[in-house]
Each structure stands twice: as structure tokens, then as C-alpha cells.
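Order as written gives the chain letters A, B, C and D; numbering starts at 1 within each chain.
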Amino acid sequence: MREQNPIRSEMGWSTPDRIGVRGQDLVSDLIGKVSLGDVAWLEIMGTLPTPDESVLFNAMMVTMVEHGMTPNAIAARMTYLGAPESLNSAVAAGLCGLGTVFAGTAEGAARLLQDAFGNAGAEPDLGGIASRIVADFRAKKAQIPGLGHPVHKPIDPRTPKLFGLAREHGRFGAHCELMERIGAEATRVSGRPLPVNATGAIGAIASELGIDWRLCRGIAVMGRAIGLVGHIAEEIRNPIAREIWDRVDEEASEDTRPK
Amino acid sequence: MREQNPIRSEMGWSTPDRIGVRGQDLVSDLIGKVSLGDVAWLEIMGTLPTPDESVLFNAMMVTMVEHGMTPNAIAARMTYLGAPESLNSAVAAGLCGLGTVFAGTAEGAARLLQDAFGNAGAEPDLGGIASRIVADFRAKKAQIPGLGHPVHKPIDPRTPKLFGLAREHGRFGAHCELMERIGAEATRVSGRPLPVNATGAIGAIASELGIDWRLCRGIAVMGRAIGLVGHIAEEIRNPIAREIWDRVDEEASEDTRPK
Amino acid sequence: MREQNPIRSEMGWSTPDRIGVRGQDLVSDLIGKVSLGDVAWLEIMGTLPTPDESVLFNAMMVTMVEHGMTPNAIAARMTYLGAPESLNSAVAAGLCGLGTVFAGTAEGAARLLQDAFGNAGAEPDLGGIASRIVADFRAKKAQIPGLGHPVHKPIDPRTPKLFGLAREHGRFGAHCELMERIGAEATRVSGRPLPVNATGAIGAIASELGIDWRLCRGIAVMGRAIGLVGHIAEEIRNPIAREIWDRVDEEASEDTRPK
Amino acid sequence: MREQNPIRSEMGWSTPDRIGVRGQDLVSDLIGKVSLGDVAWLEIMGTLPTPDESVLFNAMMVTMVEHGMTPNAIAARMTYLGAPESLNSAVAAGLCGLGTVFAGTAEGAARLLQDAFGNAGAEPDLGGIASRIVADFRAKKAQIPGLGHPVHKPIDPRTPKLFGLAREHGRFGAHCELMERIGAEATRVSGRPLPVNATGAIGAIASELGIDWRLCRGIAVMGRAIGLVGHIAEEIRNPIAREIWDRVDEEASEDTRPK
């Protein structure tokens, strides 16, 4: 017989007249007193944020809420067209696409930085680390997560804003600096602009705030879940999903459909 | 040939150096200035919230963030166990369960209220409407959405808090009053406590704020997406999904598995 | 202390050298001997199908595999574009849209039929039942599930094929006949062609086979999961998702994007 | 102005009276004539399978349908508990967990094999390739996909069955042999049994059949989608999700919940 391990969670509990959320009383401590973004910090970090942490954490999530008619917004609207009774599933369908190509990339950037410092000594040589990382990725012919953007070039306007906030709020540390050096080195070596993009900046600042790289995709997930509800709200007011479908369907089968 | 309809969205746009979000400039107007919960209002309603709207809207979403080891939290952890490379899909799996039984019920409550006032005249008789609604549901042997709770009884502690905030911030109107009357009438008629629960209060306050009932499930979705990231964060720190799986698997096949 | 209920499942079990699946030995009884569609019947019904059951059950699932560039196929491709590392999540995103509007409608049709016979006596008057159902839906101004199709008109070519197979294989019973009568009555009363469509036929035949209406959406789910893998296969060979995205994004923000 | 690329798909088309599926007529060629598993091959490969291909392809999918109370089955049942109106979303939630840890591993195994032969010359030295692969993974301290199993040891009973079928049906080629050699070499070098498991065998046989490694996770997805419908069918007949939830919830908050 296998020995059982305990099943324990500190996320929350319920009694008939009370609800606990990470050590706080939901009704007396949180509802009406703490904003959604600050409760997100509480959920992940276990304490309410300091004012500096609050500004930076909200700023990172807000950055990821909305980016127009992205593939995940289209997926959510297509899903809603077939299942308007399940707004939750439409948002879920959209979130399924936040992978390695688009919004999930803060994870890769944070991992790169956290691994680099995990293996570095007390006084890391940032320039040397950046060169080594860029050379490694070139040898593997892989893209460095957190650099470059197909639309926002030569620079991603969100990056100076986020890094500026990090400076103002005392969190522009070695992770942020290393990220910038990686971008500069990649630009120099490749001969084309590869500056830090929004998810690169988020990966770096999240690392400064002590957030495990494995959670950094969650920053995009929390923001974009909100953005996808926004898209469904617009789809209700002004539906476009059916027109997208009709056009795609008509063109896609133009050559094979019998006339 | 079918005539094409235009495809238009006001959610956002991008140029190389700027990003628009519902008429605001993401970098200069939102990041670092507006909190996540207020950007959620912007996404859905198109304007930034007034201070009263901000308190109430954040309060409703915060109410839904965390409720301990719910079925959707278990689903998200099970998914993460099999696909730790896709935190986004684990959250998506959890959101798929926010349906008509648990957190999706604000939608049903808001629909009830908005339909009632849509069909009512200028000076609606709230008591009469409440009686009719309760009688209709009893005739159909259906549960009235937004009433009663298996754990939080005789009263759901979130409801007086939310309705109290609605009063403080000038939004305890006819929808809230009707919801309370429906709860009182259902309690009277059924002979057991059926007061307004948290999603009932949210459906009523959202209706006061002008939110379409078809979007009210989104309030839970936005909150719980955050809570599910919190559960994955704990699963990374202190994994319990495998133990849950092992116990369920062992017991489930106890009778049929050859010894 | 709450008293615990047992947790039991007959779906399957594992030992180091054997795997049981619904009373069969996976390795010696199923792999290489039983086709996928017949194992699907085993999973749901607990026995292997008779030859007649096998033909009809496979026919129903095959009917739902592929219908070109549907909204769920577009959603799956959009998801794959962002997360090519998670083919499973792309299929999941597509399945989220099999709701009440499109492929999920076999559920509604089967429910209608099973409820009708549940309440009927020994020798039900099918014409009378059909009239009552059509009148009820007209009074509610609701669409009858399983009737009519925007493209396949005046008749859905899948329906005569499926009902023909049901006749050949001895399963064209009262549920099928009632479904046809509902279609005829709805056509008569509304004055426009509302014949039984593919999901209506599937709901009726599934009812003849003893499948609970709550599972009938599963017939579409099993078929379409396969079709969505097919769409991802094509997306790998001949990618079109990015072009769809680019076009939608460009047109959607045409009026609001600064020039 | 960006130049547009065509949007074309060969998956299917519709006219009022016909439906095309990969060059076949759905009604006259497929429904009632071709089984679900063979239509799956058609969807992915574009032709109907030969009898040998049919046996092997069905065998691989059947292998993945059911494995008892897996994490994805638990996730699907938890989702159904909250959203019984969306069976499709419950299956979707389950599929989200078919990632790199469990059922998605056929993808990794197939990639390993296809990459190895892509880089090898005309007469590859299988022993040398196997040694190099095992050494590479040991250097990275990574697990080799497709080897070993926590329960099915020392050998996974599905593997000899699948490889036996591959031999019988003339498809036990170099990919299968290399997979076996990798298992033997890993066992030798690590000093513990690491034979080829079911997903390793599937990755190898799928490679013999010409299936791109990026699609191999789809074999599990198509099979398990069916298995998850089976679990929901049992959940309807004999519900256990609530008991699982109750037990987990009670134990998880035992230490933190006020008494």
C-alpha cells in the first residue's frame, strides 16, 4: 500500500459565515477595499503589495490586456458564435493560444534571466553573460525570447514605459539591465534592430519582483482574460464573427467547391 | 455573390510606435496610471470608471477571485500536471467549468432582473414582479439563479457587503431591491432560507451599472482567471495534484482492478 | 463530520502488465482488433457494438468530422498560430465552440424526443405530439433544434442518408418518425422548408440506440475532434491562419487607427 | 499596402445539396461506408487508408482512448460538474492536459526519430545514432520521450503488441528499430529498465506511416477525446466528481480553516 501524502492548500477556506483568501478575510479585508490587480498580487505572492509593487504589477498586467484583433481575440469570437451560452468557454478558447509565439513569451525571457543569475556568482559580469546567451541562441538558430517585434519597431513603445516605471519605483535591477544588454548584443551581432519588447520587459521586471519564471505567462493570462471579455462585449454590441467566417469559408473552398 | 459586410472593431489598434486601447493611448494614458480593474471597466464599457463605479466593479470581481479548492481549481491543477509548459491552458481548463452551476450564475440572475424591467412599465410593482417570478420558477420546478448557497447559510456574507457598498456608492437601485424581494419571497414560499447569494448580488449590481446580462458571467471569468493563476503558483511551490490523482485512481478502480 | 461516499469507476484500471478498459483487456481484446469507432461505443455503452450498431454509430460520428472552414476550425487554427507546441490545446479551443448554435444541437433534438416519449403513454399519438411541440416552440418564439439549415436547403443531404441507414439496420423507430413529423409540421405551420437536418437525424437515431440526450453532443465532439486535428495537419502543410489574422486586423482597425 | 496571400483549404466544401470532405463526397462515399478511424486517416493523409494502414492507425488511436482515472479524466469531470450544459467544454478541459508529461509524448519521440533520420545518410548506423541520442539527453539531464513508465514496468504491455502489429503489417522499419535501440541503450547506460513505452511505440510507428512528428500528439488527442466522452457518460450514470471535490476541499483547508 502506497503511503499517502497530505493534501494542503493555503489559497482559501470557507465556513458558513466567512471566506478566507490567503490569510485575509474576503469580506472584511478585501471586497471594496483592495483593487483587482492588488488581489492578483496577493493570490500569487501571499501578501498585499507595497505601493511600488502595486504600480509595477498592475502596469505589467495592463500592458497585456488588449492588442486589437489578435488571433486569440478571433478565436474567442469564433467560439462565442457557436456557443453564446458559454462566455467562459469563449475566453478559455482565446487563452489556449497564449503560447510560445505571442503573449507567453514573458516566460521564456524570465527563465533566461533567472537561469543566468542562478548560475552566476556574487558579482556577475552582465556583459559577458549577455554575449554568451546571444552566442548560444545563434548556435541553436533559435530566437531569443523577449526581443524584437514584427510591428513595434525599431522600438516597442511599451518597453521604455515599463522600464521607466521600474526605475521610478526602485526596481530597475540587474535582471532589467541584463535584458537590455542582451537586446543590445543581439542587435549588434545580427545587424538588425532586436531591442527588448514588451514581454521581455515584463519578464525582467517580474524577475526583479521575485516572480518565478514559470508564472510569468500568468501575467499575460490575467490581463488578456480581461481583454477577451472585452472582445465578447463588443461582439454582442456589434457582431463581426459571422462575417469573418463567411469570408474565410467562401474563399477557402473557392477552387475545390463545385460551381 | 453575397454582399460583404464591414469588419470593424473599436477595441484597439497598433502602429509601429503606438497602441490604442478603446480610444486611450496604452503607453501614455494607461500603463502605470490606471489599475487592472479599471482597465477592465474601460474594455467593457468604453470609458474609464467614475470613483463609485471603480469601487463597485473591482469589488464584484474581487469577490469571485478565490473560493478555495473549487472544482475549477482542481481541474486547472490536473491540467498543469500533464502540461506544465502551458500555464495558459491550465487556466483555460479551469474557466471551462464556470458554467450554470457555480460561478456563471450571475448571468442568470442579471437576465431575470433585466428581463423583468424590460417588460415592466414606468412604475413597476416590485412585490408583484417578485411573486410572479417565484411562482414561475416553482411551476417549472427550476432553481432561481442567485439565491441560496450550500455552505454560506443562512446568509451569504458577501451579499450584505456588496449591497452595502452599492448603497454607499449610490447604486442600490430597483434591480437590487427586486433581487432582495425575490429572495424574501422564495424564502417565504419555500419555507427554507433562500436569501440572495454572491452571484445574485453581482447580477443585481451589474444591472444597476448598465452591464448587459450576457456579460455578467464575465465578471466571474475575469476574477477567477486570476485566482486560477494563484492556484498554479501554489501548485508550483507545493504540488498536490499528483496526490489527488493517485488517491482517486486507486480508489476508483479498487473493485474492478485484478489483485 | 460529513460521511464519505465511495469513489468508483468502471472505465478502466492498470496493473504493471495489464490495462483494463470497460471489462475488456486493452492489449489482448482491443488493440489491433477493434476499430476506433467501435471502441467509442464500448466506452459509452459498456459493450462492443453489434454490426448494426457499429454501422449506425460510426455513420453518425463520421457525419460530424468535417464541414470545411467552420468557426471552430478557424478558432483551432488561430490557437495553433500562437501555441504550436500545444496541438491538444488548439483542438480544445475548437471544441469549446460546439455549443447550442452549431454542432451541439443533436443534444437539443434528442432531449425533445426523449422527453416526449418519457411523458407519453404506451401508444403515443405521434402526430399529436409533433403538433404540440411545434406549437410550444412557436409560442416561445424559439427555434426547434434539429430542423432547417442555412446552406443545406431545401433538404439536408445527410438526413435521408442517415435515416436510410437507420431503416436498413432496423433502427428507424418512433424517435425517428417523430422527428420527421416535427419537421413536416414545422414546415407546414411556418410556411417555409424546415426539414430535419443532420443533427436532428443524429439526435433521433441516437435516441433509438438508447443514448441519453445529455451525451448526444458527444457524438459531434468525438467526430469533430478528429476533424480539428485534420485542420491542424493542413495548417502545418499550408498555413493560412496568419493571413486570416492579418486581413481581419487590418480591416477591423481601419477607421480608428491613426494614418 | 501589404499584398494579400490566398486563403485556400482542401479540407472540405459545402453546396446546398452536397458536402465534400478531402476529395470524397461525404454522403455517397463516407457515411455508412467508412469507419471513424479510417476517416481520421483521410482527414490527415488525404486518402483512405490501405488495410494495413487502417489496422495500425486504428490500433494507435485505440491505445490512447482510455487509461482509467487520469488527471485529464478528473479535469473533465470537474468541469462537467460546474457546466453540465457544455459537454464539449468538459472534453476540451480534459484535452488541455495532454501535454509534454503524459499523452503528448508521442510527439517528442517521433521528433527524435524523424530528426535523427533527417540528418542521417543513406545507410544510417542505428547503434551509433542511439548512443549519441542517449548521451545527449544524459548530458542535458533530460528524460528521453517514449521510454519508461511509472506503472507499466519492467515493460509496457502495449509496446510489444503495437510493434508486433507493425511487423505483421509490414511497417516495422528503421524508425521502430531505432526506438528500440534507444530504449536498450538507455537501459544499459542508466542501469534501470527504460524500455519503449506506448507513446514511444506510437511515435515510431507513426513515423513509419509518414506522419509528421508535429501531428503525433493528435493521435492521443483523437483517441482521448473519445475516452473523455466515456468518462462524462459514466459521470452522468454514477456521479463521483462532487465527492472528489468535497474530500479535496475538506482536507486542503484543514489547517487554515477556523474551527
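As a convention for this text, a contact is a pair of C-beta atoms (placed from the backbone, for glycine too) under 8 Å apart; a residue touches a chain by one contact, two chains touch by 3 or more.
Since the structure is predicted, the reported quantities are computational estimates derived from the model, not experimental observations.
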Interface with more contacting C-beta pairs, comparing A-B to A-C: A-B
Rounded Å distance between chain A and chain D, as computed from the means of their C-alpha atoms: 29
Centre distance in Å when chain A and chain B are each reduced to the mean of their C-alpha atoms: 22
Where chain A and chain C are represented by their mean Cα positions, the distance between them in whole Å: 35
Set of chain C residues in contact with two or more other chains: 6-10, 12-15, 18, 20, 68-69, 83-86, 88-89, 92-93, 96-99, 103-104, 240, 244, 248, 252-253
Chain contact graph, described as a line, ring, star, complete graph or other shape: complete
Touch list for chain B against partner chain D, complex: 68-72, 74-76, 78-86, 89-90, 92-94, 96-104, 240-241, 244-245, 248-249, 252-253
Touching residues (chain side chain B, partner chain A) in the complex: 2, 4-19, 21-22, 26-27, 30-32, 34-40, 43-44, 54-55, 58-59, 61-63, 65-69, 73, 84, 86-89, 91-93, 95-99, 103-104, 107, 151-153, 155, 157-158, 161-162, 165, 212, 214-215, 217-218, 220-223, 225-227, 229-234, 236, 238, 240, 243-244, 246-247, 250
Interfacial residue positions of chain A with respect to chain D in the complex: 6-10, 12-15, 18, 20, 23, 83, 85-86, 88-89, 92-93, 96, 248, 251-258
